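Residue numbering begins at 1 within each chain, and the chains themselves are lettered A, B and C in the order written.
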Amino acid sequence: MNTASTQTPALTNVESVCPALAHLTQSALLDGVWKRPGLSMRDRSLVTLAALVSLDQTRELPYYVNHALDNGLKPGEISEALVQLAFYSGWENAVDAAVAIQSVFAARGIKTDQLAAVSPKLLALDEAGEAKRASNVSQQFDAVSPGVVQNTTDLLFRDLWLRPGLAPRDRSLVTVASLIATGQALAVPYHLNRALDNGLTHAEAGEVLTQLAFYTGWPRVFSALPVFKQVFEQRAANAQ
Amino acid sequence: MNTASTQTPALTNVESVCPALAHLTQSALLDGVWKRPGLSMRDRSLVTLAALVSLDQTRELPYYVNHALDNGLKPGEISEALVQLAFYSGWENAVDAAVAIQSVFAARGIKTDQLAAVSPKLLALDEAGEAKRASNVSQQFDAVSPGVVQNTTDLLFRDLWLRPGLAPRDRSLVTVASLIATGQALAVPYHLNRALDNGLTHAEAGEVLTQLAFYTGWPRVFSALPVFKQVFEQRAANAQ
Amino acid sequence: MNTASTQTPALTNVESVCPALAHLTQSALLDGVWKRPGLSMRDRSLVTLAALVSLDQTRELPYYVNHALDNGLKPGEISEALVQLAFYSGWENAVDAAVAIQSVFAARGIKTDQLAAVSPKLLALDEAGEAKRASNVSQQFDAVSPGVVQNTTDLLFRDLWLRPGLAPRDRSLVTVASLIATGQALAVPYHLNRALDNGLTHAEAGEVLTQLAFYTGWPRVFSALPVFKQVFEQRAANAQ
């Protein structure tokens, strides 16, 4: 970890207004939840970045991106997460994030070929599964908004989700974190199931919530807890 | 369209962090959803501004306001939308937006008499409809918060909604877009019905969602889809 | 009240884009809701600050903090509210707020010993009540996220809620305002009941909503109204 990452950038400002918060930033956050077992530092960085971008909070984003790179996230994974978050949390969140972290990437000499490519070779599509998803959504909503239905197929499920720069498990993890941060708990089951199908463990998912509570606030995580619980129980029932 | 509007201002920054996002901004956004038929560029600008203001995203707001003016929105309509959004998305969102776009209005030489007037002659009130609305809300919530009930009548339904600077259809459209952006889908039916009563077509409403998906993120629009569907079906049933 | 507080800082900017909004800021906001009876100026400041911090809106926060101090809120109470809002609305909201108001505290010569202390002597804990709460949450969610369950006990209910720098009534009030601002209406009953148990009156709670409508937007308050109503009715039923 480089020296720039050893304390949060606003810690001195925080201390002059709120010594308790500065202390808790060190004790409960940096030396607390970040050092818990059960979820890698890399994964903690990934969900933390997803939360900050989704909440359009850019002040300490350069610090957290440096931290993420130190923790093993690749520049291309962070870059790819921004594409995902543009679609899932709103375009301008990703734009604001890109502006905020541009200097971090420049300072590290990160080159264009390390970033989210314009036209990568896409992952293989599960044609049967996608046909079923598209058919369901189409039946429900074609009469309401054919444009949303079409773009969901073309831009999301036949492109975005197949981009290779972020592993399917990680792409779902970024999405789940974003849904929690933006208070869209009802959309969590579909994406949490995808994350679990692609290798996230129940224990890791629980630690994702432990991590996110600090960055999204406790209530958004408590809204997600019963949703996670139901997904876990349904999967246990299905496994029998 | 003036030259300032041909690419988004942060595109170069975005490209240096995320080439895919820069590409998609051009292909899926500017040359994509913005050029779809079914909803005028003017209306796309109106709902896009409503989303950006409601999410307090001001970085590219000057660009989008220039774009909106090029697309035929009048300065007074944008100004009036800010009044609506102060009440419907929170005061400081409108304040932040006003600060952000001040220089755009100045550069175009827009004069005070083109803007949202302090005391315009109000539109005629549907006294019977308003009496019914006020009575319903009063019965429900006078015992909880008489102040909210009173201000809703005095400031909103006997003033704001009757201001002539934005047509009733457009005022409802701004409100619906803001509700979707702020995740208040349950309040959508009342305002969507008003928009449809005042001339918005079902096809246009569907395109509003297609447009908003990019700026609010897909999940917020998917939360609104079943609500729109129910409103459409209810109106179809009532029409029989 | 000092001269800096007699008009909102962005009023001139607002006027040049939206004269109606500038006028309403004076008539409906500063000379309107702020001067209503039923809730003290101090309490109006407290819930307004909670809303602004929770929405990460810092532009006029220095003005509102000066206003709050003029209205009788102590620096330590504002400082303590930030600790509460870090946990309840997301860490970076509190960080952004601290950075924004640092100069206000400095200009007033506020000293460290007036601020939220790192390790104050905590209020007495209701051991039986806390044991029941912890047991309920543990039974529900230990299998989902033991980390959230543990941190909720250790950091929130055996520390944060017992910090003496903000009276229990005020700490709950800040929390309720934050929940409304962030659209977490389902979590309101628990915290509203705590506020009422600790001395907030029904009339004051109704005025809190009247105040918040302007800063969170009307729809978020209308989402909270039925929740408040149910809490009031349940308490009336229990009192019989």
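Assume a contact is a pair of C-beta atoms (placed from the backbone, for glycine too) under 8 Å apart; a residue touches a chain by one contact, two chains touch by 3 or more.
Values in this document were obtained by computation on a predicted structure and should not be read as measured data.
S.K.: Over half of the interface residue numbers used by both chain A and chain C, so same, or under half, so different?
M.R.: Different residues, largely: of all residue numbers at this interface, under half are found in both copies.
S.K.: For the two copies chain B and chain C, what rotation in degrees overlays their C-alpha atoms? Round to the nearest 5.
M.R.: So the angle, rounded to a multiple of 5, is 120 degrees.
S.K.: Per the centroid of Cα atoms for each chain, what is the distance between chain A and chain C, given in Å?
M.R.: Computed value for the inter-centroid distance: 28 Å.
S.K.: Would you give the residues of chain A that are in contact with at least 2 other chains, written as numbers and ranges?
M.R.: Those would be 56, 183.
S.K.: Along chain A, where are the residues that touch chain C in the complex?
M.R.: 8, 10, 13-14, 16-21, 23-25, 28-29, 33, 36, 38, 51-52, 55-57, 59-60, 181, 183, 205-207, 209-210, 213-223, 225-226, 228-229, 232
S.K.: Okay, in this complex, where on chain A does chain B touch?
M.R.: Residues 56, 79-80, 82-83, 86-99, 101-102, 105-106, 112, 115-118, 140-141, 143-148, 151-152, 155-156, 163, 165, 178-179, 182-184, 186-187 of chain A touch chain B in their complex.
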